[in-house]
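In what follows, a structure is listed as structure tokens, so that the remarks can point back to it.
A, B and C label the chains in the order they appear, each numbered from 1.
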Amino acid sequence: MLEAFLTSAITMATPILLAALGELLVEESGVINIGIEGAMLAGAFVALAIAYFSGSIALGLAGGVAAGVAINAIFAMLVVNLAVNQVVTGTAVSILALGLTGVFYRKLFGVTGKAFMVAPIAKIPLGALARIPLLGPVFFNHNALVYFTFILVPAVWYVIARTRYGLRLRACGERPEAAAALGLGVVAIRWQALVVSGALTGLAGAFLTLAYANTFVENISAGRGFVALSVVIVGRWNSWGLAAASVLFGAAMALQFGLQALGTVVPYQLFLALPYALTLVVLAGFGGQAAAPSALGEPYRRD
Amino acid sequence: MLSSIAKPFAALALAAALISIVLAALGASPLGVFAALAEGAFGSWYACAETVVKSTPLVFTGLAVALAFSGALWNIGADGQLTIGAMAAGAIGPHLGNFPHAIAIATILAAGVLGGAVWGGVAGWLGARRDVNEVISTIMLNFVAVQALSWAVHGPLMEPSRAYPASSPIARAARLEFYFAPSRINLGMLLAVVLAAACYMLLFRTGAGFELRAMGRNRRAATFFGVRIPALTLWVMALSGALAGLGGAVQVSAVSHRLYEKLSPGWGFEAIAVALVARLNPLAVIPAALLFGALDNGSQAMQRAQGISPELVQVIQGLVILIILAFDTPAWSGIREHIFGAPHDAAAPPPVAEAPDA
Amino acid sequence: MLRAISITRRFGRTLALDAVDFDALPGEIHALVGENGAGKTTLMNVLAGSLAADHGEAVLDGRSLRAGSPRAALAAGIAAVHQSPMLFERMTWEENLALGGFDTNAGALDLDAVAARARALAAKLGFEMPPAAATVENRSVAERVRLEVLRALSFNPRVLILDEPTSVLAPSELNAFLDLLRGLRSEGRIVVLITHKLAEAIAVADRITVLRRGRVVARTTPAETSEEKLAGLMIGEIVAQPARSEARPRSGAPALQIENLTLDDRTGRRILDRLSIRVAAGEIVGIAGVDGNGQTELVEVLAGVRRPSSGRITVLDGSPGGAMAVIPQNRDLDGLILEMRLWENLILARPLREQVTSHGWLSISRAADLCRELIDRFRIRAPGPETTAGALSGGNRQRLEVARAIASRPRVIVAHNICRGLDLAATAEVHRTILDFASDPSGGAVILISSDLDELLAICGRLLIISRGNIRETNPGERDPERLGLLMAGARD
């Protein structure tokens, strides 16, 4: 029971963490991307559609990645090249993606409501590790995407904190004018962050349809993109913090299913609302925004 | 003056062109789709009435967004504010049976105003006192509101037979009448129009409205002249929430008569498109809301006639916002100055080029 | 050789650089002097690639530099130390330097190697380095300057441009710094030193170029000039002024009292140091000083934008209008909202807004009438109240701000660099308006904060000097512009 719950927590946490890690890269470069929800949804849909029609999970994953990148590219053109308001653009992109996926979903799969399933991505139990009591099944009996996400956490931390590229990235988010004066291409770097993030977020969406639900329903992302934004804030812009926050929120999501089934006194909605309420508490009480990159959200324009 | 009207039309035209491409990709006929939309929205007397009904919540939320955006306060939370307002209305509604009609209506609407004001005020307070970016706080509050509604209709407000997750119906006395039955046109739209005029007066004819617009255009200069930014932030967010909340109460009182999950099909977000098309002018919010309400209404007919799902309307919303933003970017005015020389006369363009303090 | 050929650059309507020619040779320290607003920083930005010139070009060793690209400038060997901070506060100093030229390892980023190279160079220069892995946030201003110089040198540049590097150094650190510059010169580099500290320029430079209002007004060497002459060139033509400023007796009632005003910034640096000023009605008090000595912050405190750390500001004997009207120096950014109409900009001032509002209701027609009245009275060249402020020329915008300040009938007007960017005729007109305001029996007092001595000498009755956040009175008879210029430029009495 506990095992099932924890495993479920990790499964729920994965797409959120993937998207959040991508958003972390973007925010370190100084951009806040509220369109992350749209990228995830687009990735989810395209991955399913391609996997269903081609029969290949791999192609589906690739499609999901491409869709995420495409959505972020639209965002990047407006926000990075034209230095437009990031918040409103992000919201519009999410609405756009919601609409596009809905329209194309209906066109391709009809209104019958029949669930179009794909075979789930295979789980890969990691040999001896998977046999450790409790920890084994919880951490080491997942599909490849989950393992990829595990690896991504230290990798992203390393890139941001210890590499030359991470340094340049952070410079853009800290003081873009100074970065530009040092010869850094702020526009190029922000584009790169958005492309990588698009790929990760698209992959997160693909996870939702190919590994988790094995089908697509309207608005399957259901706010997970915004939870990813919360994760970055609650995790204090730090990879490990992001991982912890994702697991916490993933657990809350897993919990609400269990509670729904049990019909206990505690309303399951509490757990669904937890990520958002916690974000507010962190921001209000613990100077949450002080940990953000200094130039986050400010449009940068070459003179 | 001409340019400020031309821009929304140009944006809509460009959106229509892009939509046509999307439709072609879907194998549908753009002209056929637009015709179906128009037919569905205005094709019959009932259709026109229904368009008005569907536009009403958009006027309220559109005003909420236009007001906040005028002060460069990025209120993305109109949906949540509307929801909380609706909840307050739906909670008190069933208990108003013994009151005279006018009192009951006033009470239920007041409940909506209060609920929305509180929800907007929370974000405003967080921004004023804790320097929390209102974008993040309003988005978070949206989700909290959705869950609160879900809990309410599954729990304390659930109707007695416990058959569906919905609240008890509100008392007859608290319902805004139907006129021109069987249409659903009601006083809600009239109220919305009156409020639009009031918001216009507030924004352009009062000292407080002036301070808000100054704050939206140039926060630093506003501080130099004594505008108290934190207090203004709090008041405007509360007012914005109140307007959205009132829209929610009107919806409950006039149309739905009870609460259920997913009360708002995204009016708070659609309101952003409405407000931008209206260029943040409260009076222009009315035709803009009618436009998007018409699209919403016509989308059902479009689905029947052309097989395109109603989500196309969201594609239109998203495209319109993006196009308007792209048109208004400073990069364009720089290019324009290059070509035309003179600085352009800005009547009331949305201050969307400015960034929120993150 | 570094050459700037006929560089011209506009910002909106302001001509920042007007066909400027400049050159600097290897093994030379070339000082570029002038007051702020003269165009020195703009010229530096063009040379360093941060800014593209509208016309003209920059040439290094015969090769034309690509405009508007800092990367191209760095690649060509030009490094700059800017006046405004260009460090990344939240990063460690090693990381900051790694973004410079110390990161030459082929493989992974090695901050230890960067630190080692930095320390080596620092030792050669006699610099002290902060403790390992310390972030820049909490470092002192002097340390930051050192870090920025180090970062610039890490590129091993042919040309090093420094913008006011010594303004924050203590006198004890100054000599070491000048020796550093001499060392760089002897290595054959080109050193361009932008400064307003004339003593240092004369002490260390081989050639000196003086900029004023975007033009080169003099090219000279230390041997051929003196601090006094330079001050005169920098600050303006010494025109024999008609004795307009008969020392106005303190006839009026006290209008403004500032007591022990102190302001510390976030890092604890003292910006305003126990400032005390008393101004009486009818007085025009001038506060002279080179930019960067606390004037901007003083104006912000008086306007209520910033809270002082301690001290008291009292406006006495309140008049029907507001207490204090402030005209900030950044008229386009802080004083006006360019997208709004003239009448809207007028009612930004609360007293005027109250005049045209009844019970909270704004009367646009009254505001427009008021605007027309002021347009006439102050001779603002504008089509009408509905014009947007952005459409006005700089001079007319200034007239508008002055009109607004005076129309709000304050007890005190505080104006900061009010005539910057205006020609002589416009300047004279603004001065006349201020004189009228002060001499009006129901008028108030005026505090003029300026780095333009001409202007202050022309109309101020009393002259104060602000330096490093401190105020000093000058002797009533002291009117020698050269001497005052020296005091402003930081000389000790």
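Everything below uses one rule, namely that a residue touches a chain if its C-beta (ideal position, glycine included) is under 8 Å from a C-beta of that chain, and two chains touch if they have at least 3 such contacts.
Bear in mind the structure is a predicted one, so any value in this text is a computation, not a measurement.
Busiest chain-chain interface by contact pairs, anyone?
A-B
Compare the CA centroid of chain B with every other chain's and tell me the farthest one.
Farthest chain from chain B, going by C-alpha centroids: C.
I'd like the Å distance between the centres of chain B and chain C, where a centre is the mean of that chain's Cα atoms.
About 46 Å separates the centre of chain B from that of chain C.
What is the distance in Å between the mean C-alpha positions of chain A and chain C?
46
Indicate the whole-number Å distance between the mean C-alpha point of chain A and the mean C-alpha point of chain B.
Taking the mean C-alpha position of each chain, the two centres sit 28 Å apart.
By residue number and range, which residues of chain B touch two or more other chains?
Within chain B, no residue touches at least two other chains.
Quick one: in the complex, what on chain A touches chain C?
Those in contact with chain C are residues 162-164, 167-168, 170-171, 174-175, 177-185, 294, 302-303.
Residue numbers of chain A touching chain B in their complex, please.
Those in contact with chain B are residues 32, 34, 74, 78, 81-89, 91-107, 111, 218, 223, 226, 229-230, 233, 267, 269-270, 272-273, 275-277, 279-280, 283-285, 288-289, 292, 296-299, 301.
Name, in rising order, each residue of chain C that touches chain A in their complex.
Touching chain A from chain C are residues 48, 50-52, 68, 70-71, 73-75, 80, 82, 85-91, 95, 98-100, 103, 108-109.
Show which residues of chain C lie in contact with chain B when the two form their complex.
Listed in rising order, the residues are 303-305, 326, 328, 333-340, 344, 347-350, 353-354, 357, 360-362, 364, 388, 390-391.
Give the list of chain B residues in touch with chain C in this complex.
204-210, 213-214, 217-218, 220-226, 342-343, 345-346, 349
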